[in-house]
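By letter and in written order, the chains are A, B, C and D; residue numbering begins at 1 in each of them.
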Amino acid sequence: MTSYFSNLPIIAILTPFLGAFLTALLGERKKLLIIEKCIPIATTFTSLTSLIFLIKPVLINKYIVTYWMGNWKPESQWAIGIGLEVDAFSLFIGLIIAAACFLSAVYSFRYMEEDNGLDKYYVLFQLLSASMIGFVLTGDVFNMYVMLEIMTFAAIALTSFRNHIYKSVEAGFKYIVIGSLGSSFILLGTALLYSQLHTLNIAQMAALLHGNYTPVSILALAFMLTGYAVKAFLVPCHTWPVDAHMAAPSSISMLLSGIMSKTGVYALVRILYMIYQSTGRPEMEFLIIFWGAVTMLVGITMAVVQTDFKRLLAFSSVSQIGYIMAGFGVGLSVNKGVAVVGTMGGLFHMLNHAAFKSLLFLCAGAVLHQTGTTDLNKLGGLSKKMPYTTAFFIIGTLSISGIPPFNGFVSKWLIYQATFEAGYAPVTIIALIASVLTLASLVKVIQSVFFGQLREEHKDVKEVPLTMRIPMMILSAICIFVGVFPHIVSKYLIEPAAFSIYNIGSYIDVMFGKGYAVKMFKETVSIPSMNYTLAGYWNPASWLILFVILLIALILFFSFGYKTTNSKVVDDLINTRYETFTGGEKESYNHLGENDMFWGMRQDFGRYFKFIKNAHSGVVNDYVLWVVTTCALVTIYLFTLM
Amino acid sequence: MKFPYIKEAVGNIFKNPVTEKYPFKKVELPEGFRGKIEFDETKCIGCGICIKVCAASAITKTVETTREGRKICMEFNMGSCTFCSFCSDFCPKSAIHLSNEYSMIKTADENNMIVKGSFINILPPKPQTAAAKAGEKKE
Amino acid sequence: MEVLKTLLQQMFYVLIFPGFLFCFIFGLFLSGIDRKMVARMQRRIGPPITQSFYDFFKLVGKDHIIPRKASKKAFLLAPVFGLISIVIISLFIPIFGFTFQESTADIIVILYLITIPALSLVFGGSSSGSAYASIGISREMVTMLSYELPLVMILLSIGKKAGAAINGNVTFSLADIGKYQSLYGIIISKWALIPAAIAFLLIIPAEVGTVPFDAAEAETEICEGPLVEYSGLYLGIYKLTQAVKMFIMGSLFLALFFGGSGFSNIFLNIILMIIGVIITIVISVSFVRSILGRLKVEQTLKFFWTVPTALSAISLILVYLKY
Amino acid sequence: MLDKIIEKSRIKSPWIYHVNAGSCNGCDIELIALLGPRFDVERFGVKLTGTPKHADIVFVTGPVTAQTKDRMLRVISQVPDPKVIVSLGSCPMSCNVFKGSYSVVGPLDKWVPVDVSIGGCPPKPEAMIDGLIKALDILKEKRGVK
């Protein structure tokens, strides 16, 4: 497919790299700062548009765009060069990444103005966005590893960007240790695969690996799984992102938790579905669903007891990744109808999670930008001073906890139905409890940050400047749009992506010419039908109409129906009529701190919470020990069952 | 996990309620109920023992000398009475009696809190001194 | 023309029959009956049946004070959202086979729409800025957490039971459950699901927020919890939402366990549903309210995660084993 | 038409808030006795509310002591209109036996316009019901006729 759009992916990857180089050239001159701020916006915008141009061929006409670096075409059906391969699934994730990077660039235009050394920030930012897009679009395993390394080190440098704060340097150190451990596992896995299959091209690997699993390739799978589990915050190796997001500037922690976890999940799905074709293997399905369920539970139970705003959001994004993994776990099941629902659920939740998690982190950034602290005990009553941020945060909360008109509802429900139909009822129940706990933890945040009593030192807090509000506006608009019209999103975005995940045959044929896959697989690869007899989307559009009709009716009825007489009584400050009722006492400062919210529940599950709390000891060697034990466990599991 | 009163609760549905329909059916009070004070001004001699003995000092006595004698007016403020009935016990002439009247409501327009009673106390003529008596006999 | 007809029909459904007006009247009527029954169980005369109407209209007449510390918009909008979503649920619940809002999966929609009124209470309370309200919120969240688990297991077990017969797989639509019950007899007759029915009856008082589980709105301890700063019209809306919630849970219980096609005539069905709802509410809410005292929040959580969860787990396992 | 309904329902559902301004709890127990099965005032629609913001009728008991004065004033100011203030027993009327004590700051009339005062120490529940009925008539004039 060498028409105009075959070199669009390379444009999407290279422009931010060039931008990074350019900003580095400009250096730290004061008067050039404005240009340095606009370059990342421009580069991320170009990569976003180039990916948008790819939508028509890839998503709608179902082509798979390939691009051989340096035009090194495969010799007699054997890949030599590095190939970029963009199918619907990678484009779907690429679009999310590019859009998020663009919004984060716009957000950090005003968000980073107090910090110095901004040119370094923008260089790293562009490196990060370019490598993420590159990671998603490549069709070559080693190229994925290279992009992964760039992404990890850019993220590490950005986490400890504010190096005058101790906790960001400590988070950076923790991230570099565990991140590089994960990358070394991935490198080990890639090397083993390469030694086994003598090729680095994913399509070729998929073709060669079909059916014949040698012990070496199983070991490689174990290493790859653990490595990418570190990148995708799965439970035993989820400890580094929590500190990294707390310390990183919010525009970066939005990318870290909202988007980078998606790249890890993308790689896991690519390996499991494409390279190892383990769809239909019950033991693989059990491993992934179990891992997802554990991530869900541990992530959210740690989030409920947090006292820091961004740390809480980080833990809740860990638990949301658990949902996505559970969805993709069901995607591996034997019964094709249920598998499709699972994959659709996982994909949809990836999109939704990117949307509402970035929104929540941007609101956290806004609060941090205005008040300088994200400690829940020191904040309160900001809704009067920052009404927009409060409204956006409430939209984010409602969509993350899956309340109907918002986007979380559709994807979570797909996952519930998938896990239940796949026979894993306990996982469905854990999923529902986790979503109620998510709601509880975020209501705790709303109560202690936005409502409640305004503190004196925040008296002069103003609303966030417009350039920071626009990204939030766009993200909440996405949340509402996706929530109200899930059919459209599902038809144009999710179904092609799910189709392409299962469509291994054409993924290979496009790279090595027609019939190669059939020759290798000895039978055509069956692609499950996409028209899943889902329990049917409830059409939220009608729900919305009802909602609007009733709202208008109620407002009309009560505003004209009866005019309350003396609501015009002027509220002068000494008039005690408008004070809140505190048993007649004078209104002393009574802000319910965040830790009193769920003390009741903490009492009941005291042992569990104590165990979890000191399991997260904060000592790096514990975390490293966990990552290594997970690798051991996965290897043992795979060898016994594969 | 013990659930008390299940049988009673179910049983009560079929029994008729014990509520006394007060405003529509008068209540009969036990005898000796200490209600509002009734002051029999004829018996009262204005000795003021009740004032001394009243803890809430609800009783006030006002005296005015009029032509035919001293007009003594005893006022019982039911608003500040504690209904201990000390006054009726100590009253030598048992002029004070606490009746069965329990409903004492004071609103802006009607106020039945004050129980008043007044009588004229004609002083016995002073015993004239022997001379005044003698003088009187002479005329 | 067709669009207009459906729009008008939709308006009728929303505003008149199962929608706002019917919920308004029947909800308040139901809460009047509930107060009367509780009084009669304590051998006192109790308020007239129309007491809740008087309460609501008195509150409409009173003027509302908005405290200085409250954030005004959230404070005023929260009750309206709660009322709207609870009224919209009534569209999803079929009355003996006659469904209004044709949608193929309404159990999970109902499950989530039921959380919105509790959420509106939480947002209203937290935006009122009073200390009592924040304590009330944390109790409300814990209560919501506690009854969500058994409720989900009950719905899953019924979905599995009905689904296995109807389309071989789990169903999440009340219409299918209704069809199943009209074919194979009402679900309560299937002994595998009787524990689930008992568990559902235990959940109704927690969902509605009446005495044994109303630690969130305890008048004595935290002065009506989140509602402490509300007065006048907005308090009336909250009381109306609570009354309508009682009606919703009753009719949901009927639709889930006594569904099937009732009489042919729609009006007889409605009357049958009304009687059924009254009986369910009297048993599960009034009776329990008149004999039990208020539980602490941890006791509520401990209770709900042991007794109803065990009951619904039994019926889930039994349904799994194809009983 | 709505106004007429609201007027009628205002009398049919008076919610009570009980303020104890230093009373000896004699009147408080009698007030709670009203809600019991024997004198069930719920048949008039009466309900005891937890906060002044829900109340129509405020029952004040006890001679206003110095400590409770400003708290009572703050609570009563937080009751939304139309409200009726009813004093129970003779303490609020004239500080009864506590007259002249250093900590009693005089009858309730000094601080708050009292609409209905019910005599008796403690007043008999039937007397309270009479007082309540009179308070309902006042509640009707307070908002309706104006």
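The criterion applied here is as follows: a residue touches a chain if its C-beta (ideal position, glycine included) is under 8 Å from a C-beta of that chain, and two chains touch if they have at least 3 such contacts.
These figures come from a predicted structure and were not determined experimentally.
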Chain nearest the overall C-alpha centroid of the shown protein atoms: C
Maximum centroid distance from subunit D, chain identifier (CA atoms): A
Approximate Å spacing (C-alpha centroids) for the pair subunit A, subunit B: 84
Rounded Å distance between subunit B and subunit C, as computed from the means of their C-alpha atoms: 58
Inter-centroid spacing, subunit D versus subunit B (mean Cα positions, whole Å): 26
Gap in Å, rounded to a whole number, between the CA centres of subunit C and subunit A: 35
Set of subunit B residues in contact with two or more other chains: 17-19
Set of subunit D residues in contact with two or more other chains: 2, 6, 37-38, 40, 43, 51, 53, 78, 81, 143
Numbers and ranges of subunit A residues touching at least 2 other chains: 561-562, 565-566, 577, 579, 581, 583
Category of the chain touch graph - line, ring, star, complete, other: other
Complete list of chain pairs which touch one another: A-C, A-D, B-C, B-D, C-D
Sites on subunit B touched by subunit D in the complex: 17-20, 22-23, 27, 36, 55-58, 77-83, 102-108, 113
Residues of subunit C touching subunit D in the complex: 35, 39, 42-48, 51, 53-58, 60-65, 132, 218-220, 222-224, 227-232, 235
Contact set on subunit D toward subunit B in their complex: 37-40, 43, 90, 93-97, 99, 115-121, 123-127, 129-131, 133-134, 138
Parts of subunit C lying in touch with subunit A, wherever the complex brings them together: 10-11, 14-15, 19-20, 60-71, 73-74, 80, 83-85, 87-88, 91, 101, 103-106, 108-109, 112-113, 115-116, 119, 122-123, 126-132, 134-135, 137-139, 141-142, 144-145, 148-149, 152-153, 156, 159-160, 167, 169-173, 223, 228-229, 232-233, 296-298, 301-302, 316, 320
Complex contact set, residues of subunit D against subunit A: 2-3, 6, 51-53, 68, 70-75, 77-78, 81, 143
